[in-house]
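Here's a structure for you.
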Amino acid sequence: MTSSTHSTDTGRETGSWFPVRDEANLPSDLRGLFAKARERLGFVPNVFRVYAFRPQRLSAWFAHYRQLHQPSERLSAADREMIAVVVSAANGCLYCLVAHGAALREELGDPILGERLSYDWRRAGVDSRRRAICAYAEKLTLRPREITRADLQTLLDVGLTLEEAWDVAEISAMYNLTNRMAMVTNMLPNPEYSGQARPG
Amino acid sequence: MTSSTHSTDTGRETGSWFPVRDEANLPSDLRGLFAKARERLGFVPNVFRVYAFRPQRLSAWFAHYRQLHQPSERLSAADREMIAVVVSAANGCLYCLVAHGAALREELGDPILGERLSYDWRRAGVDSRRRAICAYAEKLTLRPREITRADLQTLLDVGLTLEEAWDVAEISAMYNLTNRMAMVTNMLPNPEYSGQARPG
Amino acid sequence: MTSSTHSTDTGRETGSWFPVRDEANLPSDLRGLFAKARERLGFVPNVFRVYAFRPQRLSAWFAHYRQLHQPSERLSAADREMIAVVVSAANGCLYCLVAHGAALREELGDPILGERLSYDWRRAGVDSRRRAICAYAEKLTLRPREITRADLQTLLDVGLTLEEAWDVAEISAMYNLTNRMAMVTNMLPNPEYSGQARPG
Amino acid sequence: MTSSTHSTDTGRETGSWFPVRDEANLPSDLRGLFAKARERLGFVPNVFRVYAFRPQRLSAWFAHYRQLHQPSERLSAADREMIAVVVSAANGCLYCLVAHGAALREELGDPILGERLSYDWRRAGVDSRRRAICAYAEKLTLRPREITRADLQTLLDVGLTLEEAWDVAEISAMYNLTNRMAMVTNMLPNPEYSGQARPG
Amino acid sequence: MTSSTHSTDTGRETGSWFPVRDEANLPSDLRGLFAKARERLGFVPNVFRVYAFRPQRLSAWFAHYRQLHQPSERLSAADREMIAVVVSAANGCLYCLVAHGAALREELGDPILGERLSYDWRRAGVDSRRRAICAYAEKLTLRPREITRADLQTLLDVGLTLEEAWDVAEISAMYNLTNRMAMVTNMLPNPEYSGQARPG
Amino acid sequence: MTSSTHSTDTGRETGSWFPVRDEANLPSDLRGLFAKARERLGFVPNVFRVYAFRPQRLSAWFAHYRQLHQPSERLSAADREMIAVVVSAANGCLYCLVAHGAALREELGDPILGERLSYDWRRAGVDSRRRAICAYAEKLTLRPREITRADLQTLLDVGLTLEEAWDVAEISAMYNLTNRMAMVTNMLPNPEYSGQARPG
């Protein structure tokens, strides 16, 4: 499954069941994305390496995805990572739980709460606003057919705007795509995430 | 939930629990998308009207989505609609079953097979290549954590390239996003779909 | 599995994993049933051909079954087909969804609503009386142990008599039998159903 | 819910959430059925009393049902009760587990095996022929959509004829109807069953 | 899997997939336990014989287990057996349903109610205090993550002390251990249980 | 729910829905246990504080529990923590995932592998011996009724003795008890665990 255009070393690191392309051969927008990640994080997240097997798809997915993590007044960056983590827990996605678990600990500025949310949002000790968001994200993940207008109302009732309520839904839907891409390719989280934003 | 920028008439038609924006106020790329749809189909699919509540999101989602329906040598346009329909059946998504059910009947040139696939791919009478594709799409939808390298092999064994196997996965993942957006907004299929590509 | 008394041609058409008997050799009551069907519908439904492997069983099942589709004042023929379709959707029965889906479109005089009900009664747009009926039929199908006296009350509260409430239950129970006979024999719907009662 | 034509005493005994009709007012065929039961068993099974709320339905159901318990060469009366009990255990139906549990102990002539089958056929210690039958009945009850031609073959491989394999399927399907009628009416088993065919 | 220290005869009786040790070679505390059981019941329960493959484990488990069956003012010995039976029914544990089913019939002094509880506590006809206890035990067994403080309140509301509410929880948790030990070893119930505390 | 014998401060820290007893009033064996924990870990695990509401139960449970973590030749301390974590993940138990997640990272001497196992053992990258152990523990947790003699054989085939195979089963069964006690009391993990045995 490998050829001169695929780096097996990188393949082994990423876990991918699909060939992993040499960074040098990627389109320039993706080389730029990789460079920026290296600059900001110190490494290239494996989701980029693995998804780059289909370069245009990675570009399209990422252009959509990154819109969803832009914070708004009542749905912060931490809230958005929380949704990512709750959906990933419901689906059992290793890659996203480790990578977004780290981001959530960072954004919350609370490594203990962030870890708790990755295992069980019900007992993590969040306030009623966040409970409503978590419950909605989990229901849309596990029992989407049963979502009703009343579920939407629970988000408005804790102070979200219609746009923000939509975002809870769209982030949840997006991680149902992303989790499956991670699981179906066997994507492994970069080891760097494990130590990020831990207590003391 | 409505205002001068939201057409309640359109809202009622689409079923949406979110405001539906006036087409006239949408960005030009979306007005172009709507116009093209009207030209090709005779109407604007409700997914466009509903998703346009967040115009940039619709643009980003659609740019990703439409890549996935480009046919390849061994994964035809009909095969790709089949994956959409199998995932939508597993999730129980009304909008996608009606809209992509119509597209599937059309692409297959077989209204009876298309209808059967929308209810039960196991008994629809497809060949072993298509059975492998349907089984993979359904498993990735319902039990993603249990997907293994051996499941990927079943796709390669029926003649798909690695790129096409990836496409089966990515289309399945995409409809797990799309189905949830349709269900969480209460999107209703346009009535026009029901009569398209029926027998006799 | 075939012999001189089994028509393989018919077997192929019906999909049955059991032998399909020659119509000519069936008891006279069944030959009459087939003739009447041909007269009324233009064809013999495959459920008759397949179930006729055990002729007396078909007679007994049908004598019970047809009682349940007799309309009453507040539970019309369309309502009864709706129950059949909701149960068949919960069980995922191809034969019944296609055959009774056609009957439901016909009885409702609304091909779009009928198709919607076959995919998701929750979003199909029916009134509260029909929602109560659909919810009851689905619960009795999927979680019969959890049915309570309060569930029965929901039917009485929307205006059904005790006899009609019983009918909702008995029709649901009957389709739990019928769906399983269709699935366990691999019964395929006659192609004629697909085009019946479609829009314009 | 009761009137002069309904005996509340009987209602309390049977558990039924529907009115229980006076035996004296029932059609003669049902009065005959009740009399024969009293003669053979010493009491009238509550399924008759409860189902008699709709007399013609009881007649039709019973005419079908009793055909299925006729023994054949390789599918004995005990085997047929075993299928009833395995399906009833999968559905969790109190009435049928008690009433057919008693019949199974009797037919097997083995009260210990009969009791074990009512709780867990997998550990009950039956031979491979009976294991195949139990596995098929349970799968058709719980995952009917996944039944394949290969499942049918497992029955033929342990020596059943096609007619007997059909009977395993039809008995299983029938108890999916019967269990639901018992649960939806809240039918309680007659106390007499509990002591029947117990050890020493 | 057997040696001079394992009695195959006993192995066959118990059903165990692990070796069953000779009673003579067990530590004296266990020989005392066996002797006391023989005196009180007339036989040694198979759970003792099977678990004695690891003698110290049996001693430790039993020391914990027997505390939980000590009756308190508002949670009787019968109530405690009822919890054992409800949990065992939710898990489908043959050994515990037969052995504790017998104990429950005995403690209740009502063989019919005891049998009913082993099949379906919802329809068994118990009062609201016992319904609350059964519902709590079943939920903790099947959906432990969803248990809330409000569930605990339902126990206090029917008159249990905090200590007794804890006991409902701890007995339920214990049978989730015990059921699994019985199922994973293939433990069979002693035949003597089947006839105990039956009607008439 | 609190009184002079209950420290509400401790209650708040532990999350418990039950009163938390003053350490000073506990029996001497438990005071010794708490002291030893403080010495070894620097703090008293909340499981001790919460379970001490019923002091004798804690003593009995712990006497059983600690036997199960004694390493043997082919089932190390790390292997035993792995089983604890896999079962806790299947049940979704926050307390055990955090507390035993820390112990697992420590015992493995591999913080990255330990974290991965807490989210998805299938993709964590363990060898076939550990995969067999994890698969067995998960199956016994989620589908205990379906465990067969062949499942036991998979453990023997990767080199475990019968005693060690038993231990995999008994540890799994024990965490099905322990997880439920943690969830039903709302036990929160001590914050100290989160930073233990993390990378660099």
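Letters are used for the chains, namely A, B, C, D, E and F, taken in the order the chains are written, and counting of residues starts over at 1 for each.
Throughout what follows, a residue touches a chain if its C-beta (ideal position, glycine included) is under 8 Å from a C-beta of that chain, and two chains touch if they have at least 3 such contacts.
Keep in mind that what you see is a predicted model, and the values were worked out from it rather than measured.
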Between chain A and chain F, the fewest steps along chains that touch one another: 1
Which listed pair, D-E, A-B or C-D, duplicates the contacts of A-F in over half of its pairs: D-E
Between chain A and chain C, centroid-to-centroid distance (C-alpha), Å: 45
Rounded Å distance, chain B centre to chain E centre (Cα mean): 51
Multi-partner residues of chain E (at least 2 other chains): 92-93, 120, 145, 183, 186
Complex contacts: residues of chain A adjacent to chain F: 15, 92-94, 97-98, 111-112, 115-116, 118-120, 123-125, 183, 186, 188-189, 191, 194-195, 198-200
Chain F - residues contacting chain E, complex: 1, 17-19, 53-54, 56-57, 60-61, 63-64, 67-68, 91-93, 140-141, 144-145, 147, 149, 152, 162-163, 166, 169-170, 172-174, 176-181, 183-186
